[in-house]
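Each of the two complexes below includes chain A, the first together with chain B, the second together with chain C.
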Partner chain A sequence: MSESIQRQNKDLQALNQDYASKYGFHDPVDYFHKGAKGLSHEVVEMISRMKKEPSWMAEKRHEALDIFYSKPMPNWGNNDLLGEIDFDNIYYFMKPIEQQQDNWDDVPEYIKKTFDRLGIPEAEKNFLGGVSAQYESEVVYHSLREDLAKQGIIFLDMDSGLREHEELVHEYFGSVIPSADNKFAALNTAVWSGGSFLYVPPGIDVKVPLQAYFRINAENMGQFERTLIIADKGSRLHYIEGCTAPVYSTNSLHTAVVELRAHEDSYIRYTTIQNWSRNIFNLVTKRASAYKNATIEWVDGNLGSRLTMKYPCVNLLEEGAKGEILSVAFAGIDQHQDAGAKMIHAAPNTSSRITSKSISKDNGRASYRGLIKIHKGAENCKVSVECDALLIGDDARSDTYPTMEVDNDQVSVEHEARVSKVAEEQLFYLTSRGLSEDDARLLIVNGFMEPFTKELPLEYAVELNRLIQLEMEGSIG
Partner chain B sequence: MKQNPEYLINEMSPQLHRGPDWLKAMRRSNRLGFNESKLPPRGIHLWRYTDPRKFMLAVDQARDSDFAGECDTVASTETEHVKKGRLAAFVTDLGGRDINVLVSPKGLPNGVTICSLSDASEKHFDLIREHLYQLINRKTGKFEAMNGALWNDGIFIHVPDNQIIEKPIHLLREAGRENSAAFPRLVVIVGRNSEITLIDEYGGGSPDRSNGISFSNGAVEIFGAEDSRTRYVSLQRYAPAMNSYFTHRAKLKQNASMLTIPLVFGGELCKQSFGVELAGEGASSKMYGLLFGTGRQHFDNHTLHHHSAGKTNSDIDFKVVLKDRALSAYTGLIRIDNKARTCEAYQENRNLLLNKGTRAETIPELEILNEDVSCSHGATLGSIDEESIFYLNARGIDKSTAVRMIVGGFVQSTLKLVPDDLKERLSEFVATRLEAI
Partner chain C sequence: MSDKSPLLEFNDVHVEVEGKEVVKGVSLKIYPGETHAIMGPNGSGKSSLSNALMGHPLYTITKGEAFIKGESILKMKADERSRAGLFLAFQYPLAVPGVSVANFLRAALKSHRGEEADMSDYRGLLKKEMAALSIDPSFATRYLNDGFSGGEKKRIEILQMSILNPAMALLDETDSGLDIDALKTVSEGINRYQDETKGLLLVTHYQRLLNYVKPQHVHVMAAGKFVKSGGPELALKLEDEGYDWIVNNSAVGA
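After this line comes the complex of A and B, so read on.
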């Protein structure tokens, strides 16, 4: 056993470079359009004009900007870090190329280079049904397999979605997350650009995952993608997104809004692996509405960023709806992963499960912040929440802030959390079988993450293991 | 009821002018703390479920004639218990006016002091200055400052080193009836290698809302020296129209151990906070709470275990049974400091909802600032499962008896930790609340 682990380890080491050289590169770019720094109604106007949007969207943006101005910063989470965000020192819109491409060869060389280094076309060839790559504010490359397009599946970037399917977008945009939901949802609504628009018609089962990749390249860049996914009656889909950014000395901001609508009997799985560099503020609002007998699964991996505040939510609105959230967070040096999950049971016979795993290393801080709400009349609901935290290092910090609100008696709600370090006995067991302490620790951490990694497509699972190995490097003691 | 629109404690409050100069200065500082602080914001979770304005009552201090009958019943049986030596002492505190201490004929161990806080401020001034306001003061919160300024008289207990009080000491604190306010206060100092068991019972208050409500705001500070062993039972059985606020803080030194049992039954609105700081290596704290809510009662309980020293351990089990339209919010925090290595901490909150219309909220929180810990918490909310009822039905037990048996089993593990002479009364409390099922 130990031999194969060592071999695997060697392979991994060969692949192993640190974030700075692997994802942390940034390519010099001549932007087709680079707006001014700072946020104002003029910037919003400019974005809207450049996109030649319908007037209702422009109105929505301006309205949202006023909401953003009027709302205070959240007073929970990490106030010190949130206070570091300088909204006036951020580019709210950058357009790298004039036209979006659907042939990889037509994508400009410098952007192609970036995504080639990240392995995007490779992945597409191998197993993806469709892929969308966003560079700064705009989607630069987009494709959908022909057979899927023929079935009536719409997979576009959000801007094209708005242009080509205005009615659908008008109906659903902001219906799950209204602008006034929170300060950052308002900010996103005001300056959103890019993101994915996905519609699967009734009864269609999309057997291959659909993928988007988000990349921030410039310094002080804000990325505000907006994603809307609609699964019509009885359809099934799996959507995956990945995120990276280069390492700069000043901070960038990523504020996305993701809305999912799962109609009767449909199924949506939404997988995220975010590995932002350590100077990104990642403040994302993700929410899904599940109707009769629909299932929503959020699979959420948070590795990078300076501060992540992200609480995927499922509104279980009709009988038989099911929600599942599976998340991992890895908080290394100076990182705070404030992640969690929300389940709102608004109908009887709904069920949900939350599994949250976090690792805090060095002075990293991982927090689980959750909400379970069971409304009056939502009878026979079943909820189970499990939080596991692993602490590595003397200054590591782990917090658990679950909230459970139950307004009727015919329910079963269970919450459990455990916090511990890597057990000495396990380390001893593995080292006595010839593994170095580092390898043993890595093996234990991988085992701890296993329930999560096994839910990922193979490519992503390998990538995640590799990323964890990067994070774990030299973590003795 | 007298409403004071600005909700200020004014200079006219007679309490502000009581006691030695040091105490007067402390009271004034707490008065300032109350007057100058804002109401706690509803956004933070500790106040998410309870409106702080409900405690902003400017009411008269309790008057002599205002005490309820149950007080006398309890007093007479407990007096008997003292005489028979089943209790070490029985102390009555009527709205902070009269503090009466009845000591068992066997007497108390050498050097043990039980007296009013006002007596203690004269006779044991050094101890008072060292301990009073140490754990609960204007910095703790607005309502803690309110008690700090307005407590009339309270109870002082000091057990010197190496003294074991074998029998429990029972404190009966009676609040006034309608349109009155009480500010009970207690300081307990347990010396090295000493042992004490306290039953701290809170009763009284307005029996009927239509005549007006009553208010109580209590504070308890307990100090456990090295190797001390403290058992503290808090029994809250206020009358139906009482809004009560209560803060308990304890600090444990090396190898000190403490068992805290909050038993919560009464009042219309009740917000309590029980907190223990484990400040010396080897200290250990256990907290086993039981709450039974009926009617439209509203409970909001907080527990805090703060591990500020290494090799400490804590355990919380807070059980809640709710009936009718009762609501319980429970928030619990375990905090383990960075320098507190090798700690163990557990926390459990179980909620049994007996019918539709009940509401339970639970927020069990962990803040762990170092890796060398073993920590877990769990919370459950739910009704009695049909299968258990069916099982008992099938054995010829009717449904309401079955429910009573199951609830009885649920609360049993907490009740069995309670000192003997209290057990019977508690079983009665639970039984009367189950009768209507």
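After this line comes the complex of A and C, so read on.
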């Protein structure tokens, strides 16, 4: 028995390489371009000039910056934490290398090493159809499998997308999330850099996932990637986004905008596993428009960060459109995960389902903020919302802010919300079978997450379980 | 038998739940190969005693001693008691959503052995034990006790016992909620588990389980105390005459 305890201790030690050593490392970098801190029209001008953009994009940026200046900070979230953001103490544009590569061997050694440690080239080899790796403001590596390129699939970083497919970008950029949508969408529009541009032609089924990985390396960095995904009629795709950052004592900002357009009969699944360090403010706008009989699925996993505010949305614009949002959030010490979902039913016979699961541990706080809007004339809609919160410890906190605006009576709406504690009885049951309290608690938490985890590709499910294990360690329940 | 040491021994055990004493000084020794039964009316303290022995945090042993294989367990947590060889089949097993029966048992087995069981060995073991208890193979991937009927939960408890193969098993009202066929299957499972190296303590209100699993010793518990001990014939007498005669008489003798 003592041997088994020893072994367990060893297992624990092996795991005890926490975020700091696993993802929290940073590279000393000689940047190709590193501007000054702070935000201004000059900074916007500089970004636009360096990217040699068409003038309409430059105008869009300047206009967006004015919107950013004019809009007050949102006051309905965690005002204390939001107030910590010092917009003058952030680098808005850092270009690590002069040119993006399509061969890992040509990526500078220190950057390649970073992505090696994060397992990206390995995953690319094994099961991905295409990879984009962004480091600070720009994508440093990009690839798409040749057979997919031949089918007419366009998968580029957003900057290249704008250069090579200006007419498509012009048509769709900001069409789902206009600059004026919210303060942070405006900020992103003003200083965006990197992100993915993905277009799948009619009828093409992309059977393998495409992935983008976002890495913040520098302290006080602002990462503002911009992603636009268009699924043309009858096409299908799965896009995966991952993110990490080093551990610093001061804060960095991640403010992305992600727009999805799913045309008639198409299918988009967008999976996110974010695993930010605890000094990242993660304020992201994600929205999709689904047309006739199209399906959008947001699978959204939120770990880490100081404050996350993210509410993926689906606009169900034409008959038969379906939206599904499945999200988990894990709020540990000093963290606030303010996450949720929005479904806008603007056409009859549309359906949506929201499943939100959150875990709060120690003094962590998880909030669910949701909006269901059913427009007049959007008859025979089906809506189901399920919120499940798990609390670990007496100081953990969970709140639910659901909003429903239903403008007609021909709809079916189901809403369920549950808050549970990791109960002493449940722990006793599992420990009475020999599991240590920590193992038992982890098993309960993994079980709670199972409806989410089982939607992930196996490699990501394994990784997520490991991340949860790291988060759970030293839990004092 | 007295040359062997007891698998389970407790002396003058008192148990409190939420400040109320529910077990008021009971003692027992169970040697390898022995099957004992504790019988008693509802509220007599039988389940509280089982839970306290297993280490339930709400059931406190306030006085007395308890040993597994000679080792004092009072300072051990539930998982340590389990790894020391004690098992409790619960009267009302809890559901653990999202955790499959197979994964849970594999984790439990790992905690006992100190290492991961070989996957194919484990699958074989699980399959065999499930078949023996007439548990449909689909239960391996179902979430532990989640949506299971009362009878299914009891079978899964006995499955856990078969897989973990403890030295000393306490079965708390394992017969309740079982129809006659299930009772037979479960009893066969219990009998397969029991051999000359194992100890078994059946805690039950009714004697019907004892038709299939034969105890050598029967103890009657009432108001937190053992009021009478005897052989299997005692169980039959309780079946015929109920508990009143013994409970009413015990007030004086105790």
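Heads up, the rule we're going with is that the second predicted complex is superposed on the first by the 460 of 477 C-alpha atoms of A that agree within 3 Å, B and C clash if a C-alpha of one lies under 4 Å from a C-alpha of the other, contacts with A are read in each partner's own complex, and residues count from 1 in each chain.
Please note the rule applied: a contact is a pair of C-beta atoms (placed from the backbone, for glycine too) under 8 Å apart; a residue touches a chain by one contact, two chains touch by 3 or more.
Predicted, not measured: the structure shown is a model, and the values here were computed from it.
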item	value
First, second, both or neither for A:N446, with chain B first and chain C second	second
Partner chain in contact with A:I392 - chain B first, chain C second, else both or neither	first
Touching partner for A:E109 - first (chain B), second (chain C), both, neither	neither
Chain A residues within the chain B interface of the complex	75-76, 360, 389, 391-421
Partner chain A, residues of chain C touching it in the complex	54-58, 77-79, 81-84, 87-88, 90, 93-94, 96-99, 104, 107-108, 111-115, 143, 160, 164
List of chain A residues in touch with chain C within their complex	1, 3-5, 7-8, 424-426, 428-437, 439-440, 443-444, 446-451
Contact footprint of chain A on chain B as seen in their complex	43-45, 338, 351, 353-383, 385
